[in-house]
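Labels for the chains are A, B, C and D, by order of writing; each one numbers its residues from 1.
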Amino acid sequence: MRADHRAVLLLRRVFSPGFFSVTFRAPALAREVSPGQFVMLEVAGRLRPYLRRAYSVADAEPDTGEVEFLVRTIGPGTAALEDLAEGSAASLLGPLGNGFSVAGLGSRSRVAVVAGGIGAAPFPLLFRAFAAAGIPADLYLGGRNAAELGFRSRFDGIVRGETVLSTDDGSLGEKGFVTDAFARRAAPDGPGYARVFACGPMPMFAALAKVVERFGVASEFSTEAAMGCGFGACLGCVIPGREKPFVISCLEGPILPPERIAWEKI
Amino acid sequence: MRADHRAVLLLRRVFSPGFFSVTFRAPALAREVSPGQFVMLEVAGRLRPYLRRAYSVADAEPDTGEVEFLVRTIGPGTAALEDLAEGSAASLLGPLGNGFSVAGLGSRSRVAVVAGGIGAAPFPLLFRAFAAAGIPADLYLGGRNAAELGFRSRFDGIVRGETVLSTDDGSLGEKGFVTDAFARRAAPDGPGYARVFACGPMPMFAALAKVVERFGVASEFSTEAAMGCGFGACLGCVIPGREKPFVISCLEGPILPPERIAWEKI
Amino acid sequence: MGKDLTAQRPLRVQLGPLELKNPIVTASGTFGYGLEFTEFVDLSKIGALCTKGLSLRPHAGNAPPRICETPAGMLNAIGLQNVGVEVFLAEKLPRLRELGATVIANVWGDTEEEYVAVVGALEDAEGLAAIELNISCPNVDKGGMLFGNSPAATASLVSRVRAESRSTLVVKLSPNAPDLIESARAARDSGADVLSLVNTFVGMAIDPATARPRLSFGTGGLSGPAIKPLALRMVFQVARALPGAPLMGIGGISDLSDVLEFLAAGASAVQIGTANFRDPGVSERLVGELAAYCSERGTTVSELVGRAQRTGTGGEAGAEG
Amino acid sequence: MGKDLTAQRPLRVQLGPLELKNPIVTASGTFGYGLEFTEFVDLSKIGALCTKGLSLRPHAGNAPPRICETPAGMLNAIGLQNVGVEVFLAEKLPRLRELGATVIANVWGDTEEEYVAVVGALEDAEGLAAIELNISCPNVDKGGMLFGNSPAATASLVSRVRAESRSTLVVKLSPNAPDLIESARAARDSGADVLSLVNTFVGMAIDPATARPRLSFGTGGLSGPAIKPLALRMVFQVARALPGAPLMGIGGISDLSDVLEFLAAGASAVQIGTANFRDPGVSERLVGELAAYCSERGTTVSELVGRAQRTGTGGEAGAEG
């Protein structure tokens, strides 16, 4: 059940400048969350930021009650998380949203995860699900430069398949967009993915949507929109849709198949 | 010279529930501040409180560069100080205001300090000045109840004269108002004080003003008004005056002789 | 908070024909259709909830981005997206009845006829305590001039709806009206049972990187704690100008102290808006805190209403600076 | 910030007859007479400073409490306390000249005659760049109706002063005017060289413990970041309605991004107000940050003015919610 969990910050880990992780103690949340879901987080006593911010649950340990988030510093909300002293509390409203689906996948269906920059955030927990179900999965992790790949070490040991790194400037891994790195391998003569899971900025999605359509690969994107509430009350988070004008991303998403999104309207 | 000193919080000490002290490292301020002066303090990155808050410098150690404040928790400003993690920084704008005057006092002129509750704040530093000049001084410390006398231990060893405690409810020291405790002793047959220094809520000042006038004792009150800036720019901190309509308390005060204040207008 | 406390009579308030078990109401557009909050709030505990603004037909609303944060508040240009009155009656209202919610239907239209039609469709619906008219909408018959922005347009709309409806009518005033007091008077004289104020203030934010407005619509409505001092002043002035007119105060209310301020200014009830986003359980918690406040002081909410009016001072629009 | 940078021509702006070395001006009543800031700001570095509102004779102002804090802002009812124009000319202005400050004298009166008299007294003062009329004041000849609250009263005052003065006139608009755009037009058409907007919004705060207004005056003027989205919208709309009218944007400006937003909306310069209280050095620092911004992008302030107008979208007062 969705609830507002008061959680204590246990640990902050910096991966690269502006890229860090925060681990809270939130047992009930850790038990209930599934991959791809998010929380609306509030650092108490502040008017800045005024609204909560959405964060995908990066990992959750039902046994220890620990819940981890991967964060990229951008503005007041993320700055508040960067300043939060270990041992002090925040409110985590969740779990929210629909989450990824691994239904119908098994040891014979290879899948791909495509992440751009902070888009790596939701995937550690998903790789746990892959492992549990014995689903072979490759990770494509891209960014503008090496610094934006800061979270790559977070996947050491949890990716059973191949890990492909790419940077726009070629400073680490293959040079170019992560969508191209994916396209080169996913091509017909490639591994033949049963499903693609992706998270990243909208331009990456738009490019990836074309690729998966061409190859006819089913896929699920973790979308991002400015969210006022996270649970369907404000209607602030809509994304232009295909079968209807707008998709309410916090309720019907954030995980959406690209064919439901009207990319030309974004 | 007045400046905005970025200072690191070294230590927080709790004296009684809601009564605590904070010690910052601010060498330049520690060198320049004189007893009775104050700073406008800001805890960065917060919109709440929006305005800075004024705090009298309670003590300053030029050698160590440490500056201490005594604080009573009331609202957002003081709460922000209560939450501030040791090791993090705040901005101290100061030294501001005029400060107490010990000019013309010496080892043969006994003085009295009258403080109500958080009114104890400015006096540790003043007692240093007394000690340096060999001025004998008594402390009258009052509050509603024992908890409001939490800061009494802060004066252990620095008060060379007598210390008289009083509480409205009699839970500690003499029962009744601190102004009465003072009046009983300051009476003509009493020690005959050369000067009285006081700080406390306005009602205490109003009562004390009558007493010192009756006994013809020169005195200096550390006044309090809501302050927008602390350095004469907003004109928000005025107190009704005798020789002119309003006294600008942050500039002409906060230390004011009672005869300059129009008590009936408060 | 204990049932006993929150069920106490001391919290009951009477706004003209509208009796509420307590003065804590959730504001339209910030509480969905109520059903989004069932995990956070026992809907039977709060005074009432106002639905998202309903129109005759389902409405898609504006293109994103629709919201952006501002200091101590937010801007929104949702564009009145809603499921339409039919779906509301078929799918939302029955569920709200089961949950024991006191429901106020917030409605809007592009023309006076549409307002009349929406109100008509809701007229005999079981379990509606009142209908709230959002008059901060463009009148397409008048070149998009907002119904709420002239006393005449307000009077014409409200009397038209009043003539066709037996429902308890709440008219929700816009703070952007050139003369709020005249608009309030017009609404009251045209048959409004209750006045609710205020709606959002027209504001704007620009992204310096692109030099484009942050909202696709351009401007948006400002809400949240930032507007509280303005909304409170407006409630105080309308209460002073229209003694006896039942008022619901709205604008940045987030805690008990805010509630007490609006009651003191002259509101008999308050609506909690943007605070529901930050803190979905806030409305029910405020009912409990208000109950505790009243019982500690042995007072009632009705006694708290308008106390600042009686203290005499202020209220005039003053010279600034 | 380096002299070289902040002295650069890219920062220069021209507002009608008024040329400023950069667009960062400090707002009246939030910067004292400038001399209070000499330890925090090199007065020769900022575009200009506006003095506390000056009247013909010294003025005592309102009884305390005069200020109180609100979410992301403050309320004030100082009551225009000032030393009077004579003391200003004798004791403040000479010192400001020595310090190389560009000075705009903000003035007010109770009657049109008083405005004319104050402006007359300042007319030939050496080292005044302009005179700013604060029209958010009660006109005692008109039963205390504020000069700024009707286009007619504004037009009458401004043309009267214009007729008697050769000085560069800045007219400071009130956001409480029923129709801001009409008031702006009236001021411009009556001879204002520059329009500055906005002054504070009338607001209120009540102490729940006493049920009395927190300010002795009752109401007060709201300022600070809370009002920024409203002020920005007003600047955008006036710039759109009066193309070519030189504007100074005011309202909650605290950082470089705020400055860029107001320039993009159509202001050729900005005034920093309440932010000076929190951060006395902010104005000079913003000059440096703006200089760095322009040189990094190889642009000038003039190029940044009105960019949001050209992007076309928005600006209309929209349906709320």
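Assume a contact is a pair of C-beta atoms (placed from the backbone, for glycine too) under 8 Å apart; a residue touches a chain by one contact, two chains touch by 3 or more.
Source: prediction; values computed, not measured.
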| item | value |
| --- | --- |
| Pair of chains joined by the greatest number of C-beta pairs in contact | C-D |
| Most remote chain, CA-based centroid, reference being chain D | A |
| Whole-Å separation of chain centres (CA-atom averages), chain B against chain D | 37 |
| Interchain centroid distance [CA atoms averaged], chain C/chain D, Å | 34 |
| Distance between the centres, which are taken as Cα means, of chain C and chain B, whole angstrom | 46 |
| Contacts with two or more other chains, residues of chain C listed in rising order | 29, 52, 70-73, 76, 78, 224-225 |
| Numbers and ranges of chain A residues touching at least 2 other chains | 47-48 |
| Of chain A, residues touching chain C in the complex | 1-4, 42, 47-52, 93, 225-226, 228-229, 231-240, 245-246, 265 |
| In the complex with chain B, residue positions of chain D that touch it | 29-32, 36-37, 39-40, 52, 60-61, 63-74, 76, 78, 81, 224-225, 276-281 |
| For the chain C and chain D complex, residues of the former touching the latter | 28-29, 52-53, 70-73, 75-80, 108, 134, 136-138, 146, 149, 174, 176, 178-179, 199-206, 208, 210-213, 215-222, 224-230, 232-233, 236, 252, 257, 260-261, 264-265, 304, 307-308, 310-311, 313-321 |
| Touch list for chain B against partner chain A, complex | 45-48, 79-80, 83, 85 |
